[in-house]
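Which chain is which? They are A, B, C and D, in the order written, and residues in each are numbered from 1.
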Amino acid sequence: MFPPIPNPPVAPTSPGFSDKDLIRRSASSVPAPATRQTEVAKLIDVSKCIGCKACQAACIEWNDTHQAIGVNVGVYDNPADLTPEMFTLMRFSEWENPQTNNLEWLIRKDGCMHCEDPGCLKACPAPGAIVQYANGIVDFVHDNCIGCGYCVKGCPFDIPRISKVDHKAYKCTLCSDRVAVGQGPACQKACPTQAIVFGTKDEMKEWADFRIKDLKSRGFENAGLYDPPGVGGTHVMYVLHHADKPEIYANLPRNPTISPLVELWKGVGKYVGLGVMGLAAAAAVVHHLVAGANRVSPEDEANAEKLTEGRHS
Amino acid sequence: MNMELSRRAFLLTAGAGVAGTALGAFGFGDVEAAYAAAIRPFKLVNTTETRNTCTYCSVACGIILYSKGDLRKGETAEITYIEGDSDHPTNRGTLCPKGAALLSIVKSKTRLTYPMVRRPGSDRFERISWDEALDKIVRVLKDDRDKNFIALNEAGVTVNRWVTSGILAASATTNETAFATYKVMRSTGMLAFDNQARV
Amino acid sequence: MTSDDGDRPYDVQPGDDVHPGKPVTVDRYTVGARINHWITAVSLVLLALSGLSMFHPSLFFLTVLFGGGQWTRAIHPWIGVVLFFSFAGLFIRFWKANLWRSEDNTWLRRIRDVLAGDEEKLPELGKYNAGQKFVFWGMSALIIILIGSGIVVWDEYFYPFTSIEQKRIAILVHAAAAVVIICVWIVHVYAAIWVRGTIGAMTKGRVTGGWAWRHHRKWLRELVGKRVVGKTSAS
Amino acid sequence: MTNSWTDIRNTDLVVIMGGNAAEAHPCGFKWVTEAKANRGAKLIVVDPRFNRSASVADFYAPIRQGTDIAFLLGLINYCMLNDKVQWDYVKTFTNASFLVKEGFTYRDGLFTGYDEQKRDYDRATWEYEIGPDGYAAVDETLQHPRSVWTLLKQHVAMYTPELVERICGTPRDKFLAVAQMVSECSSPTKTMTSMYALGWTQHSKGSQNIRTMAMLQLILGNIGVRGGGMNALRGHSNIQGLTDVGLLSNSLPGYMNLATDREPDLAAYMSTRGFRPLRPNQTSYWQNYRKFLVSFLKSMWGPAATAQNDFGFDWLPKLDVPNYDILRAFELMKQGKMTAYLCQGFNPLQAFPNKAKLVEGLSKLKLLVVMDPLETETARFWENHGIYNDVDTAAIQTEVIQLPTTCFAEDEGALVNSGRWLQWHWPGGTPPGEAQPDTWIMAQIHLRLKALYRTEGGAFPDPILNLHWPYKDPGLPTPEELTKEMNGYIVADVPDPADPAKKLLEAGKQVANFGQLRDDGSTACGCWIFAGSFTEAGNMMARRDNADPDDTGAYPNWSFSWPANRRILYNRASADINGKPWDPSRKLLEWDGQRWTGYDVPDIAPNAKPRDVGPFIMNAEGVGRLFARGMMRDGPFPVHYEPFESPVANVIAPKVRGNPVARVFADDFAQFADVASPEFPYAATSYRLTEHFHYWTKNNHVNAVLQPEFFVEISEELAKEKGVAKGGWVRVWSKRGSVFAKAVVTKRIKPMICDGKTIHIVGIPIHWGFVGAAKKGFPANVLTPFVGDANIETPEFKAFLVNLEASTGPASV
């Protein structure tokens, strides 16, 4: 068993990281030097998950969200999708394994992956609305959020949701308030089978190896860790029994990257754009200096008068 | 007395795999550090902890109630959060979706707060005082017992039973409540006396 | 209007008229046209400012003009709607006068003379020259692209109707189109400044005969020829 | 549980059958995933549905609900035929070698002595042959034609893999795969644990379901060892405690039972409870019965309980029928024979079968009292909620009193978990409004009743007036006062026989253990199995030392485990006849030549020599029973009986309908669908979902979010056949009622072929009703049949018949 993290402190404790521990800040730069802290990670072992939704309940209770009561749409997934009030969600897939002809009920806890290279942060136009702490946590700063939804387009995992109430973006914070005092996120604390564990990223990889060995011994020869390099790795990782087919787990992207469109738009795009506009303006100025004003001459007026002579309106 | 157990917990007796997380180690540098703009101040600070047991299934997970105010000091206490007890051998701090939402059952909009009576044929509950309610109940019980108590059966054997009123004992109450209930009800000779063991 | 290009009625528009005198004055835009233009102009500027504030971090400060980021995000699309309808008005007014003519090709071929201001080397032009027509059609096309792509990324009302990938394309197109339309706008504004006497057309509604003679002689001749097409003049 | 949640980590094979631990007990299920991760243990799930437990199982086998006995007898047969038996264990720790009386027979699904009129057996022949020495005769070779082993072999022989497939619908190869994995655990160094719950109890033969697995576990040598055992997951916290304290119509605390009309006095009552050992030297712990009973009576009536009045034996009621369980209570209500009914918590209108009958019963009461922290359907049964509760409010003359009680977070005391741990908890919050603890309510009722009897007199007031009520505040006994009573205390000094000058026991002190209890009235003890929970050393249930020497999972100093802080029952059986652990790596107890040492409190005397005393000390035989004698109403061996509502006839005994001795009230029989009824072609089963707890969490917004609306689960095949769309509405009806539900169409349920017939399964979760935060919906008990288990009357919720059609939903009605 992964040793439990001791119960939370109730005495005032100073946070383990703060604004001066930012390594990335949306639409702005971080005050150097941004020194790296020990990276944290949440490991979700799908092969141990029983889909009980304790993580969802714990998330709601800790973050004081108010998800509305929905309806049954013919599946166990409730709510049917992530919402501004539901930061994490069990997604259930019924998959018949072609090799064994056995049914496998694959249950994946969806939510923010806390990418090392966060697409949301890259896309965000509001300075400081999205930050990445030195321990890897990607967090939304709601005071700075303008609700444009660019983060939604920047995210390779379709995670952020915009609130219809306050028009701000919401997602899992990895319980930054808990991690700040040495706790794990609420979902991890609750998880009955320890399908969710939390610690430093190195520990999590070590633990994942331990789990993958067990899975391989049970015939899941493709068991593996999901820590996609396309986004520089993530601070939420999965152990999958079929790591060769991430898409069978409710469309987990095979090789997620920040969309090239977003890269183009938020990369060269914005510089080229400014450049082009600048050039146009400059060209005008230069032309005026060279060519000077294009003035109507007295002759022109005279010609006009001549043309209109004798005609009375 | 329940608070004295040290929090060393299971870190000493870690199971297989890695030997406990180094969480405490990362980040903690500057003691003066203020919470970052995005980080909520830790909401359990200055709450009172009370060890309790989850009310639902018989796994009986250990939980900690966090409250504003301390009953042990004779104050009124409002429970503000409930979380699993990491020191508990069975659940190790974990909770199921019911346990993880215990706070919302304690604070449920449909908690009962006052004695109510629904009069015969009426379509609503009306408030009633505890005294009135208890006297009504005892009156009905006694009248029925006096009327239908069986001291001797046909064969003349002393049987001292009462089978025209009954009780369904709780399943979520303590052993102590159970024993008080047993004494009070059995002493009346009541036989239609059951609990939820079956469902 | 069946006669051939040479002497067929030209693109004189309702309200265009010439008043002999010293100097000659020519009515170029009606009050309606001018109000319509300036609504469009103001919307376009506001759109550019709000858009730019969300386009590049260095311009985020512009959001203060709109009462902060939340307001900027909320207002931008609505201004877009205003622009769209306002410009539609202009389109209905001016599209006919902006139809392409043979002399426009000549004009384009002699673009060096245009830039040098040697009008005498250019053919006589109607109400608009090729440059203005280019601005007109450019704006028209770009505004359609912008309103279209804008609606796709207007999450508050249209989020469910497109995929995230479609939204990504839309927002890229939107940004690109915005850059282009701003450039077009720069050309438009600069031309109005460079060619002195032009701005009055959109403020007072009038230009001098000399201006008309110099830049849109064919149009002036027609006005003088009193062969008003399209009827109901402001006279 | 014979073992504990934390002990499951020690197992090699987990068999989840008749339960769904991952769904209903997620935090306990953690120890299954731990055993898998750390010991390479395997998990087998046998269930009609591919459920949440199956989602992490190594092997899943489907089974038609209500056919578990056939499957399990098939496993026993497989083990016997393939020599997969832990012989040393079977020979020394079970009654395999015991000889059964002449005249005992079994034929066509019935044993000797059946009386069709009474629906009961004369169990006279279901006994051992008693030898000239007064002890049960045995044949160590097991070869005797009337040895239990021989009889069992004959009894199970018919349950071949082919027959199992025919009855259960489990494909032969899947059954054999399970049998192979299970039989491996006959090795002394491999253990299997059985995790079961209501999936086995809620049948008309629920007790025999469990017993069959217990027999298999004895044959494999898995009882009393670490990582083994029969582990009932149990339902509510604290239903284990309520049962321990005997809140059942026929029970006394600590698993003693009430006298019947045939036992007029204490002597007669005790005469059938002598429990003299059936083999030499056996403990037969129930020989102490009289001590426990007298001590209990002393705790009830204190000084008024004297030797002269049989310690108040006559102040306890006597039973004229086996029990007055809740099904009988509602039958009596329906017949208009009940005046007042008190519901202390709980929500019977949702929780017992045939809602229509329940409403009819409640409507005939004069008074219904509901004590609960939450709104319940029961308290509002008279309220019209349209199609969800279509009653004629004005016509219902029942007066209903609803009393607000405190909840777990606001009260103090002990709860018993599945592993028999008594864990103390403390209040953390102030109750809302005028909510009061149940102890206060009970005290108030007693004091008021006593006052009325004092002033008015009335029917036999003695037991009420004399009830021992020694509490500091009579109006509010404290949990500590009550629990000290249950632990037991010394009433009068007992001199030390060795030295009369010394006191063996000193009046006023708490007893240290039930060994100190006496039958002369000098001790009082409310619940003998709890003795030791609150001693002179303090509250043992409040102990919170989670140290666990050598990681055995015992946690000996965490709270208190009854009996005597024993963590694993029958732990003597963890070692062989010489006292050596079967599996040294899983040592629990070991005989060191002088005494038993190890990680647990031995259930036999610490110095009792290994060869002398058997481990099953509560049995007069001292061994485990493969042959149950007359202890079970429906047979000393289990037999496959179909549910009362079955899609196929019983292939081994076509004439037998359901369990032949299950009690069925006349009107209810009329409300059963016929066997293989074309009117009700589908085999339905009801169950819990992990997101909800019974009918409470409807009141919890968060749980309502996680599972908002009533649904049923059907296979893609049935959905196709019936034109049902995923998430669409269906109507489901039984002979007792009709419900509308959303359809969850799933691959996790597949049609089964039983006796050549395709059987479609309809899964029905139980959690919805007409009060609370969740969407209004129907409870499953609108559909379920009103019949219970033959031995303990647990309703048959797991197997019944329904019909189903696509629908436009309740709105269209």
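Quick notes on this one:
By definition in this document, contacts are C-beta pairs under 8 Å (C-beta built on N, C-alpha and C of every residue); 3 or more make two chains touch, one makes a residue touch a chain.
Not measured: the values here are computed from a predicted model.
Chain closest to the overall centre, judged by the mean of its C-alpha atoms against the mean of all protein C-alpha atoms: B. Work out the mean CA point of chain A and of chain D, and you get 49 Å between them. Chain centres here are Cα means. That of chain C falls 85 Å from that of chain D. Separating the centre of chain B from that of chain C, both taken as means of CA atoms, is a distance of 74 Å.
The mean-CA centres of chain B and chain D are about 21 angstrom from one another, to the nearest whole unit. Shared interface positions of chain D, i.e. residues touching 2 or more other chains, are given as 26-27, 30, 34, 37-38, 690-691, 701-703, 706, 773.
Across the assembly, chain B contributes residues 9-10, 15-16, 48, 66, 82, 87, 91-92, 94-99, 101, 104 that each touch 2 or more other chains.
Each of the following residues of chain A touches two or more other chains: 1, 52-54, 56-57, 60-61, 144, 192-194, 210. The chain pairs satisfying the stated touch condition come to A-B, A-C, A-D, B-D. Chain A contributes residues 27-28, 125-127, 144-150, 152-153, 158, 162, 164, 167, 259, 261-262, 264-265, 269-270, 272-274, 276-277, 280-281, 284, 287-288, 291-305, 307-309, 311-313 to its touches with chain C in the complex. Residues of chain C that touch chain A in their complex: 17-24, 53-58, 60, 63, 68-70, 72-74, 115-117, 119, 153, 155-156, 159, 164-165, 167-169, 171-172, 175-176, 178-179, 182-183, 186-187, 190, 193-197, 208-214, 220-221, 224, 226, 235.
Chain A contributes residues 1-22, 37-40, 52-54, 56-58, 60-62, 128, 131, 133-135, 139-144, 173, 176-184, 186, 189-194, 198-200, 203, 206-207, 210 to its touches with chain B in the complex.
Chain B contributes residues 1-2, 4-5, 9-10, 13, 15-16, 48, 50-62, 65-67, 69, 71, 76-79, 82, 87-92, 94-99, 101-102, 104-106, 108-123, 125, 128, 130, 133-142, 144-146, 148-149, 151, 153, 155, 157-184, 186-199 to its touches with chain D in the complex. Against chain A, the residues of chain B that register as touching in their complex are 7-11, 14-49, 64, 66, 81-87, 91-101, 103-104.
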